[in-house]
Amino acid sequence: MEQPLYLIPLFPLIGFLLNGLLLGRLGKKTISFIACTSVGLSFLFGLKFFFDLLSLPDTARIIENVFFTWIPAGQFHVNVAFLLDPLSAVMVLVVSGVSFIIHIYSIGYMHDDAGYGRYFTYLNLFVFSMLMLVLADNYLLMFVGWEGVGLCSYLLIGFWFEKKSASDAGKKAFIVNRIGDFGFLLGMFIIFWQTGSLDFKTALDPAVAHSVFAVGGGMITAATLLMFLGATGKSAQIPLYVWLPDAMEGPTPVSALIHAATMVTAGVYMIARSNVLYMMAPATMAVVAIVGVATAIFAGSIALAQNDIKRVLAYSTVSQLGYMFTACGVAAFSAGIFHLMTHAFFKALLFLGSGSVIHAMAGQQDMRYMGGLKKRMPITFWTFLIATLAITGIPGLSGFFSKDEILWKSFSSDYGSIWIWLIGLITAGMTAFYMFRLVFLTFYGEERMDSHTREHLHESPKVMTVPLSILAVLSVIGGYVGIPHILGGDNRFEKFLEPVMKGVHHSVEGEHALASAAHNGSTELILMVGSVVLVAVFIYLAYHFYIKNIAAAGKLRQRFSGLHKIIYGKYFVDELYNAVIVQPLVVGSKFLWKIFDVLIIDGFINGMAVIIGDMSTGLRPAQSGILRTYTTIFLVGVIVILGIVLIFG
Amino acid sequence: MENQILTLVTFFPLMGIILLLFVPKTRHDTIKAVSFIVAFINLLWSIWMYAMFDPVASGMQFEVNIPWVSGFGIHYHLGIDGISLLLIMLTTILSTIVMISSWNAIKTGVKGYFISMLLLETGMIGVFVSLDLFLFYVFWEAMLIPMYFIIGVWGGPRKIYAAIKFVLFTMFGSLLMLVALLYLFFMYHGYTGEYTFDMLKMYEMPIPLGAQTYIFLAFALAFAIKVPIWPFHTWLPDAHVEAPTAGSVILAGVLLKMGTYGFIRICLPMFPEATLQFVPLISILAIIGIIYGALVAMVQRDVKSLVAFSSVSHLGFVMLGMFALNLQGMEGSVIQMINHGISTGALFLIVGMIYERRHTRMIADFGGLSKSMPVFSTFFMIVTLSSIGLPFTNGFVGEFLILLGTFASNKVYAVLGATGVILAACYMLWMLQRVIFGKITKPENENLKDLDGREKLVLIPLVILIFWIGIYPKPFLRRMEPAVNDILSRVEQAKVKLAEMENKTDPVVYEDDRQLGTVEIEGE
Amino acid sequence: MLDLIIFYFAAVIAVGAAVMMIMQRNPVASVLYLVVSLVAQAILYVQLNALFVGALLIIIYTGAILVLFLFVIMLLNLRGEHFGGKQSRMGRASKIAITVILFAEMVAIFKQVAIPERIGTQAAAVAEDFGSVEMVASHLFKEYLYPFELTSILLLVAIVGAVVLAKRDKTEKMEDA
Amino acid sequence: MIPIGHFLILSAMLFAVGAAGVIISRNLLIMLMSIELMLNAANLAIIAFSRMNNIVDGHVFVFIVFAVAAAEAAVGLAIIIMIFRNRESINADNFSLLKR
């Protein structure tokens, strides 16, 4: 079915161009009107096409829109073309919906900022790029969005460019992402030269893929691993997660939109999109699952000891993204996307809530100087609490359904194992602990801020609290589209995505996993209850340390001061990268320049020049400058030549 | 008229010089206006030519072939295919832009400067249209002279050193080329009894492998110095740093392309067997250039020399793609030539603009310009990003096709080459951060004037091209495809021939070689 | 016989005047000796049936070039100290030796290279109008038209060059100001 | 009649005298005159050969040489005037700036 899908990304692009080209000439109202309307329109068009899609029969749920030929070179041929299938429909709705809410929120949050117009310009560009990413019908166009969102992330992290830490963070994000993109590029090359196309239709056709790749073969493993490298960059997984915590230098709505809800999930989307290929490379699947779960617990543990409210959330995001990759790694792609969606709601809410807090605290981000905000900012508090409950997986809220499905799949799937499940479970406990630590430190207890800040504490304006409320609602109900069978639901979300997950159904193992899932109903229930109990225990622990017995936390910290130092220092990974990669590169480059270029190559050249120059100096007296000497020598020369002619001629 | 379009485009700037001779040297504005108008009209001619160019036909178009020095078989033989068409367009566009950009920068010797610029334009276009080796050589050398003066007279503090280094490096290579060219001349006579320098005829000459190797090396060295391929690059940073802005733009934008064009026009189709043998060597040097240029660029303190080293890196990509010897790689290589001309040219213009304001190019002297010069910073960022190769800018199309092609021919090369993509982001963004981001630390930077209308006029066409090639490169790719296919078919034939030769054990090659030796003596 | 006498007469005057010319310290005297030498050479031209060219020689040289020399000498108002002192005897002797060797070699070359029988003997009779104005002119304006036109450009350039060189440097002063 | 060889030897002699003038004299004017003399010596040879071969083209060459000589004298004298103006001398040995 052909539909004008380009309407979805078109409006943010127009908004970007309008705001960008007329920068500095528009009033704040106009700017925000343009920006919000454009994103709102694309959300509406997204909805329209989503319902168009629903009206189609299950098996034919694909809307296409070929725009023009982008790069033709011999057999290589790539279009600018869009594709809407259930997977991208989910993404489009999440992206444009959350973006719209955050745009509204930003009107309030950024109101007093000097770079108001610039901010919305970048934000619209981001939405455009992200929609390109999810709507693309081939890998290359997806890569355009992929890099485009990276660029916007760079611009928005470094939004307050006068702060060196901000522009540093932006640069770091871009370069680390580039390392991932390097993998993405090479992965694309393999896919193109093997399947002859970068179009999803061809390259991701199971029949084509099976005809050119051997299951578990070197080529497919290399391709998927390289693509996964791209995903680790964009979605902040080990070893390329380091940029995301630093990315918190950007304005908080940006952290909510880009670094929690949408951009960082692009890697998950990409892997889910390429499920056909991933399912053919079991080795890669194992790597994905292990990296995912390792990142989850690693980042979760770092989050335990951070004091900056946004950093806790950032590490939490890394950790939750780890969950999503774990899901992909155990072939539960739709569970990963499900978690992606619920996470987008509650994590955006958490960030916006923290933004509201920071706004009220006049920029203070350190939780040690907060406390007792519950009374002063009730709406923020309640919405924040809902999101916290959602992320910890309290039954009935969205996070519960998605997280539990991942844990169950990692236990039951043939690709999973009990160890992955166990680590995932511990991470869930950690999540509960650090999230409630955050809530208790921020909203409960005594007010630790200075008196000046205290006087100015206030609830945020409506333009900020209404988005919070909307997201809170979504955080609660977002999970009900995918109630698992065991709880009496029929997991409509997974069913809806089924046509895209061709790889899962194509491979025998996948079917087997599904079958076993249906059979072990009681196990699933037991595990579910177990994880809820564990979460409750950790919430109590947080309550114990940060409300009831504050001294105990300090004692504990002293007791394990070494461990605390390591965790607080984020395992010193940044320092390690700096010492092992960055410094040698800089020093080596200086060596190449000063020693190799200047000393050796130029030394050789200039040395030749000096030698010739010295030889010439030796001959210089011959050039006396006296005209008659020259003519005399000239005549003697003539005589000699004539003589030679006479004698030998 | 249609038949003479190439002659017109090539020599129209010379007409401008004649006009300029009648303008008194104190009337600066008239001189500038005349040169700009001449360059602009030439741009219009070239656009007309572009419009008339048949995009699907293979072979040369607008051919002109009249005897020049008939005694030696030298012909005035011009003609273009898709590759040279694009390079000519690049030349005329950059030349026009450079005329505007030099408006305020040049204060002394204005007349001589603009005469040199116009002469340079003729020389550059001449190289791209010549189909006669002798004519090619004449233009190749002719363009050295104005460039020498532009660097040596209107350059920076070490201008003489830089100018002489530039000329000596180039001359060293081109003398070898001259020898090789004469060798070919006599060899062709030996085969057919006809004296000619005609490239198209030389394409058809079966050159024995042994001789090909040496001639290829001689030509390749001349071109490699011009490109420049590592390790022949050290003249480039010096020349760029010392040259005036316009000189740098033309140098990076067009002059370097003459080297790569030489490879594509002469080395590949004329010596395909030798080319195949030298693929590993050139590819490895290109990769070293990519990585080395990027690394060294990273630690530069002068913005201009940073951009100069980034050129080494980018030209490494061009060479890598070309020697992938497949359609994607070579098309990417050609489009990357254009891209590099646009992006790096724009970067040099931008550096020049800031230099006019602050009279320094040291990175450490800047910082926070985004605050005082937002428009400037926006342009700077766009151009930098295109240089990094962000999708939907021109750089991406080129780099992607190059790496795609290289991947098909050799995976290791592609992987190594792709690291350049990462490093490009490193050095460019680091530079960007130190120049336009951060706090304003130097009081001089606080009240800098943002770009005026003239400067915007200079940059906007380039930015439009950056996005045009990035988003809709089809018109360009389509025009070059027949030409690239022509060249590749020659290389393919050579592949078959080499394979046959390996199967047969009798030394055909050596017999040919001996025959050649006698032929040569006859010729002399 | 008469021819031979005239030849020797003119030859001796030509060489003698030339030698005197280079021996003079005063340029005015040199010019006059050069005139004498050239007139003698003109006689030899006539003997070689080159009547027109011989006439040109006198007109152009004595009439134009040497007058130009005299003008310049008068203009410069030269005095003795401008000419420089004497030079060493050794230097002069060696230089004379060089010229003598040069002469000898040239003679030897003529002997060796040119066809002896034709050089040694008198040339064959030529057409009546050989060397006449008409004949030279028809060659000049038919076969050698381009070189002739080029010559005029050469003269033009020389005039411009001479004017530029000899005039006082006004432009430099203007640039200084 | 006179054998051509006589003229050639005379021409050589005049040429040698001119050359001697150039290398011996220090007076720039006389050097210039010597050059004129050498040109005329060559002219004489050309005329002689022309007569010998019965080709009148030689006369045309002589004609062109006259033009060259005139041009040369004009430029040469202009240079001498300029030098004299700047340096108050026409002694060739005084102009050895190249040596430094």
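Order of writing sets the chain letters: A, B, C and D. Residues in each chain are counted from 1.
Note that in this section a contact is a pair of C-beta atoms (placed from the backbone, for glycine too) under 8 Å apart; a residue touches a chain by one contact, two chains touch by 3 or more.
Remember, it's a predicted structure, so these values are computed and weren't measured experimentally.
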Innermost chain, taking as reference the mean of every protein Cα atom displayed: B
Pair joined by more contacting C-beta pairs (A-C or A-B): A-B
Chain whose average C-alpha position is farthest from subunit C's own: A
Separation of mean Cα positions, subunit D and subunit B [Å, integer]: 51
Subunit A and subunit C: spacing of chain centres that average the CA atoms, whole Å: 91
Interchain centroid distance [CA atoms averaged], subunit A/subunit B, Å: 38
Whole-Å gap separating subunit B and subunit C, where each centre is the average of the chain's CA atoms: 55
Residue list for subunit D, restricted to those that touch at least two other chains: 19, 23-24, 26, 93
Multi-partner residues of subunit C (each touching 2 or more other chains): 95, 98-99, 102, 106
Junction residues of subunit B, two or more chains touched: none
Chains touching one another, given as label pairs in label order: A-B, A-C, A-D, C-D
Residues on subunit A engaged by subunit D in the complex (per definition of touch): 623-628, 631-632, 635
Parts of subunit A lying in touch with subunit C, wherever the complex brings them together: 632, 635-636, 638-639, 642-643, 645-646, 649
Parts of subunit C lying in touch with subunit D, wherever the complex brings them together: 3-4, 7, 11, 14-15, 18-19, 21-22, 24-25, 27, 30-31, 34, 37-38, 41, 44-45, 47-50, 52-53, 56-57, 60-61, 64-65, 68-69, 72-73, 75-76, 78, 82-84, 87, 92, 95-96, 98-100, 102-103, 106-107, 110, 114, 118-124, 126-127, 130-131, 135-136, 139-140, 143-144, 147-148, 151, 154-155, 157-159, 161-163, 165-166, 168
Residue ranges of subunit D touching subunit C (in the complex, touch as defined): 1-10, 12-21, 23-27, 29-30, 32-34, 36-37, 40, 43-44, 47-48, 50-52, 54, 56-57, 59-60, 62-64, 66-75, 77-82, 84-85, 88-91, 93-94
Subunit A residues touching subunit B - in the complex, by the definition given at the top: 23-24, 68-76, 80, 140, 143-144, 146-148, 151, 154, 158, 161-162, 164, 167-168, 170-171, 174-175, 178-179, 181-182, 185-186, 189-190, 192-193, 585-586, 588-590, 592-593, 597, 601-602, 605
